[in-house]
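Some structures to go through are shown next.
Each of the next two complexes has chain A plus one more chain, namely chain B in the first and chain C in the second.
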Partner chain A sequence: MADKKRNVRINGCVAAAQAAKYADVDVITAYPIRPYTATMMALAQMVANGELDAEYIVADSEHSQLSIAHGAASSGARVFTGSSGVGVQYAYELYSPISGSRMPVQMMIADRTLDPPGDFGSEHTDALSTRDMGWLMGWSCDAQEAFDNHLMAFRIGEDPRVLLPQMVCQDGFFVSHITTDCELPDSGQVAEFLPPYKHPYPLDPRHPVSHGPQIMPEQGPPLQLERARAMEGAMPVIEQVHDEFAKIFGRRYDPWVEEYMTDGADVVFFLQGGHGVTARHAVRHMRERGAKVGLVRLRTIRPYPTDRVNEVLSKFKVVGVVETNMGLGSVSSGGSLYAEACAALYESDKRPLVVSFMAGMGGEAIVLKEFYWMTNKLLEAQKKGKIEKRTHWVGFEE
Partner chain B sequence: MATITVERQMLPMLQSPNQGARFYNPELPETEPFVPGHRTCAGCGPSIQYRITSKASGDNTILVGPTGCMYVANSSYLCTPYNVPWAHTQIGSAGSFTAGVAAAYEAMIRKGKWKGPYPNIICEAGDGSASDIGIGSISGALYRNHDCLIICYDNEQYANTGIQASSRTPYGGMTTFSPPGPKVPEAKTLFPKDLARMMAAGHPHCYVATGSVGYPIDLMNKVRKGLNHKGAAFLMVYTPCQKGFVYETPRSIDLGRLVVECGLYPVWEWDPARREYDYSFKPATMRPVAEYLKLQGRFGHLHAEHIATLQQFANDQWRMMNVEVPEALVRAADPSSHLDMASAEAAAAIAHTV
Partner chain C sequence: MSTKGTHIPDWLQVPFAGITPAPTQKKGQDLFPTGNWRSIRPVYRDKMPPCNNACGTNEKIQGYLDLVKRGKYLDAYALIKEDMPFPSITGRVCYHPCEQACNRGKHDEAISIRAVERFLGDLGQALPKDVVTAGAPTGKKVAVVGSGPAGHSAAYQLARLGHQVTVLEKSPKAGGLNRGGIPDWVLPQEILDREIERLEQLGVTIKTGVEVGKDVSWDDLAKNYDACVLAVGLTEPNSVRAEGEDKKGVLYGLPFLRDIGMGTSTVKLGPRVAVIGGGNTAIDCAREALRQGAQEVTMITVEGNKDEMPCVPEDLHDMLEEGVDLLHGLAVTSIAGNGSVEALQLNPARFTGVVNKSPIAVDRDAAGTRFAVDNVIIAVGQHASLGWLPAEFKNDRGTIAVDAFGRLGSTNFFAAGDIVQFGGGQPLMVVNAVGDGKRVAFNVDRVLRGETLQPRGMFIDVITDLKRMNMTYFPHFPRVPQALLQPESRKRTQDEVIQAYSEEQAVEEANRCFSCGTCNACDNCYLVCPEPCIIRADRSNGLYKIMVDYCKGCRVCIEECPTGCLEGVPELDFDTGVVRMDTAFAISPGLHGRQAEQLRQVPNLPPKDIVNWK
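Let's turn to the complex of A and B:
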């Protein structure tokens, strides 16, 4: 299906569906859970309309969804799936087998807070809990970025130097269900950017292979090292693909972090995903009032851009990590982003103070007022030269 | 959008069925998709089944192996017994992974991304996978009617993990999760899940059948019927486990026949076109269950009343297939017609193994 370049207003879910359509995926597996469902609803309609030729499988659970995706990718098909919240976790068993067998399955995540109790809001804990399973992972902050990230993720994950599955995440509702401007490309541009998927060792009767035989413990380390190297080796590919994307589509993203008004900043917010949009406004307002505050938004968390985070965050006096995830009993007794940011900064000569903010929990919006409050905490820490406590639960303190 | 029609394979039926294991059938295909070199036990029922069924499907086949004996004992990294493509999947993913393979080939052939006739896609799931943890995934694959064959090689237990009870373990079967003891003299107290009938009743559009390694030609034909059926098929096959059942190694095929003759493993087909069971398969003879039980250490602890209970179960199975139960077998359902295994001379060897 040839599509012309056009400007549309769509939400993050539809943007993800559009990317899958442009990528001409062969197999789609769906299982309903809010909010990512809207992506699968859009794809179901495209298949029903004949706009996309794909096997659309309504699975019997998320575990089955991921297993179907695994089987289809192992056979040589380009596969698209997704989930939210507890659904992401129901499929947990499959994350390691899929990355370990080096199948570049693509999964769309629209975050949802984990139970209990049932909550439609967005927290990043669902996808983050799988972050060490060997999947490429990053967050988008609006529909356009979601579309672009999905397209780039296919290209990165399917690169024969990488061959890893991709989790392309967006905040539930804040991104998945808020409509923004989005430019959809010409099919010709996508054809130029994304070659057809070709796995080197698919399950093909003409070239028999055995996938995933049982190993002895001493055969494990080299296989694990290989997977670790694939993750590390993805870093230059990610940079190269972002360059090529910019050349073909005209939108340039820093693959690792977005810096917003960080020139001359003393304190910065460090976060990922949709709250970055509110953070930009808050930073601009605070700047107008004279506060030297900026924003660093993490775009890719796996592979973690350790050196880049070190280099960027070392420029500032105080870093405020906005978590939007649960790390119960973790290093900071807050979220899980803090520990990784601190670890990345450990080797820095100019280590900033780092504070963790538990905000946006349960999927509540982080409003401007809260960003102002957090900015004041950061400025206070800068003035005192020390932090009064590691983790603040925003909205529960004066 | 130009779509390419998917070409399906049709495999011929073998003649001279049910001649028994020692009959040489000149029609047997020479191909061996499953070759020696694996680490299964001597006399392993599931691996005999694997050889028979993969021979029936031939070289244009893709095998899916959920975790179980036929994963762990067959495939050892850096060597493989599979001459056709094979992939491991998780124990709960039998139906779903297989569905993914089937969907991929439907799409890739239709879209011109893969050229050739649609492959035979076979999943080899143990009874733990098929009747317990993966039952939902298999039901999903059957319900959605992917063109594939899902085989449950039924050794009536989780054998690879060290003989634990599954929902296919028979009443009275000793496993490490259902040991006999003073409080529970019969060991397993529950009767097995009637998995194949569940699959037939719940997915009447599918070809469903049961079989046994004791009847290899019948088994091969059922594999081919399942593969020729356009859509999903399910086959449950009795495959004795020497390690778990505790019997003399050369008797695997004998057990495969005895279990059917004793009425403990009904062999039938579900015809999806006529929507009815086909009970035309008849073993050469009917026997009391004790003849089967006395050969296996896993039943060595049974008391007379437990043997009678199993006979009653077998008689019910016969009646479900519209077979009239002979007077002798009706009498055998009375505990007074049995001895405890431990005091029976015929079972002395196996009673000792407990």
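Let's turn to the complex of A and C:
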């Protein structure tokens, strides 16, 4: 069904559903869990209305949901699925098999804090815990970016040089349930950008092959090496696809990091996802008051742009990592993003000080006042030339 | 970039994401030789089907039934002919121990093997030329004395082995017990004639009217032939040791039948005939008596009831259908009459079961009964006539003493059949005599070729336990009945009583065969293997191949094998710790084998110059 280019005001969940619709997915597998459920509600309506011709399969659990997605992808279908929080965890077994069999399944994640107790709020731990399973992964900060990232992820993951599944993440509620302006493209633009999907080795009874056979121990390393090559090989593809996206749709994103007001900045925040929107406001306010502060928002965490993060963060004196995830007993004894940032900086000649902030936990908003408080800590560290401590629990300290 | 500069060696090149050709294809199995996870290996190990084992000449019964199933009648016929010369005869007369042993009998009804054999035998009879040919000439001359079942069989096998065989038969017509002991309405003479013709076509010379001891001596045989098989049978009827046995009208079973068979009978039976004896010959005599014009035929046995009679139950049943009366538990103590038989004196008697001098205990003190008859036919067994035999080769049963190979001492004389009397001293049945003749012929052949005689000591795994098969695959299905002439119409004629199977009936009956313990190419293993690693090379016995490099030993094929020919053989012998698994670090030409090769190449000690070591 041909769609005209139009401006709408939608939330992140609907944006993701719209992207799946534009991509004309063949199979959708669903199992309800808040907050991502809204995406599946929207898609169910589209299929029911005849706007989208797809198999819509409601599984009996997330494990089945991903299993069905795996099987459907093996037959050569373009598959869309998704989950949140503990649902993401319940399907954990399938992440490595799907990427290992090189099936470019796309999964939408609307983050939700892991239990216990039940907490609907956003925290990135659900998806981040799967970050080394061979899925392309990145966070969007609003509905428009979510829509765009979903569309690009299909193109990147299905590229014959890559063939990897993708997790396109957005913060629960901050992105998934807050409506923002979003431009939906003309169907013709999408047709130009995203060719029909064709897997090179689909299951076909006329040409029987084995998918996922048992192998000998020595056959594991070459397959892992090839998966590693695919992940690294995705990096130039990601850059190329972002360029083409900009040409066709007119919106240009840096594939790896968004730098906001970093010119002349001494200290920067390093974060992912929806809190980047608040951070932009806070940075702008503090710049107006003379503080040399900026924002570096990581857009793609897998494959991790190590060199780019090194290059960008080395420009500053102090980096404040805003975690929004749990890394209990981790390097910083706070979140897991700190380690990713520090590791990228290890080989830098001009290594900045790095501080980690446990903020936005349990789905709490990080209010402007807290960004000011964190900026103060960063500037203090810059002045003293050393950090007060590695991790601050924002809101729980003076 | 961590993957920069990496190189995957050729021998570890695996297909994209491990997506490989199906394991049904060679390449697919080479790539993933997962067989070394196996602890049990399925092995096709054919067992001895009980029918083959029970058969007196070990016909490959399961084998020919299987061929009949597939419509390969000529192959089936040729398979029988390996073990016996005349399926057309045994297909009519055999007491079919195979059917008694048949495992299907425990399930519903035994396979009607004899009827299928007869179908094949008749097919062989109809062929313009037999499928069997004489072997390459050895230049050795062998005499076979006697042309009954054992002699016929020995002559047949010796001719197949290339020896020049001469059969010496004392009667005017060849056939021995086949002709003289089996009535026409069981075995029509033309069938036997054709089989003897077939024997002659193999190059066997048959000399009739030649009696050993009279026309030819022991020394003549030793001088004129390289070897000799004595298959003279038991020719002399036993007496009942009753007073008046010399009276006119007293007949003996085998001579009675023999004279009718040879066409030399002059007997005219009176209206009332008694037959003494409870065996197969007695039954044949009773039924023949009806056909020779007797009005009332009574069979008198020492056995206390029908079940104790040493006969084939079906024949007894058919005899009773024809109207023969039975009297049990009686023995003839005297035969009364003025010159001719008028009556029998019967006294209570019982069979003691002791196979020696006096197996029958007669109560002579009892009053006894008088039984009026016009003729009496005595059919209580027979004994040998061995006046011509050197005394050293006679045993205490009055038959020939042979060693385990059927040989008379260190001479080149062998003996087979009734004259040897294996087992309990009872006369052999046709098929046992045939088997005896076959085994002796093979031993004669070994002696003539200078080979060592080997006693048969092989362990035979006869599959008799239905649990070793998967009975789920065999729905109950009754046997195909053989048509019989009605008793009223048949009992006065020489027409064959039991009718032949049609082709459809033979196939239907053969289809009931379980193929106990023997692969019959049913494809079940091929279909149930979940991997799959069973290769179907041909639709024939034992021709599946298990790709052991790939088989994980899940046992599904073993459990689902209907016939029980698949066995799980442990790869590890846990008692001795011996690793039999030839796939562990193995093995195949696949990848794992390459790695094992590389592992073996690693030196035991690290080199001193570790930095420059490559």
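The criterion applied here is as follows: the second predicted complex is superposed on the first by the 398 of 398 C-alpha atoms of A that agree within 3 Å, B and C clash if a C-alpha of one lies under 4 Å from a C-alpha of the other, contacts with A are read in each partner's own complex, and residues count from 1 in each chain.
The rule we apply is simple: a contact is a pair of C-beta atoms (placed from the backbone, for glycine too) under 8 Å apart; a residue touches a chain by one contact, two chains touch by 3 or more.
As the structure is a computational prediction, the values presented were derived from the model and not from experiment.
Visitor: Could you check whether chain B and chain C clash or fit when both are placed on chain A?
Guide: Because the two structures are overlaid on the shared chain, the partners are seen to clash.
Visitor: Please work out whether A:A77 is in contact with chain B alone, chain C alone, both, or neither, and reply first, second, both or neither.
Guide: A:A77: touches chain B, not chain C.
Visitor: After the superposition on A, what does A:S210 contact: first (chain B), second (chain C), both or neither?
Guide: Both partners, chain B and chain C.
Visitor: Between chain B (first) and chain C (second), which, if any, makes contact with A:S67: first, second, both or neither?
Guide: first
Visitor: Go through the superposed model and pick first if A:P97 touches only chain B, second if only chain C, both, or neither.
Guide: After superposition on chain A, A:P97 lies in contact with chain B alone.
Visitor: Where does A:E347 make contact in the superposed view: on chain B (first), on chain C (second), on both, or on neither?
Guide: A:E347 contacts neither chain B nor chain C.
Visitor: Contact-wise, after the overlay, does A:R229 reach chain B, chain C, both or neither (first, second, both, neither)?
Guide: A:R229 sits against chain C, while chain B stays out of touch.
Visitor: Between chain B (first) and chain C (second), which, if any, makes contact with A:Q219: first, second, both or neither?
Guide: Both partners.
Visitor: For chain C, which of the listed stretches 290-298, 524-532, 578-586 or 596-604 runs into chain B?
Guide: Clashes occur only in 524-532.
Visitor: Which parts of chain A are in contact with chain B and also with chain C?
Guide: Correct list for chain A: 101, 208-216, 219.
Visitor: Of all residues in chain A, which touch chain C in the complex?
Guide: 100-102, 163, 200-201, 208-216, 218-219, 221-223, 225-226, 228-229, 232
Visitor: Considering the complex alone, what residue numbers of chain C touch chain A?
Guide: 1-3, 6, 8, 12-14, 16-24, 28, 31-34, 37, 552, 591-592, 595
Visitor: Write out the stretch or stretches of chain B touching chain A in their complex.
Guide: 1, 3, 59-62, 64, 71-72, 75-80, 82-90, 92-93, 95-101, 103-108, 110-111, 113-114, 116, 119, 136-137, 139-140, 143-144
Visitor: Across the complex, what residues on chain A touch chain B?
Guide: Counting only chain A, the residues touching chain B are 1, 26-27, 29, 50, 53-55, 57-61, 63-65, 67-77, 79, 93-94, 97, 101, 196, 202-216, 219.
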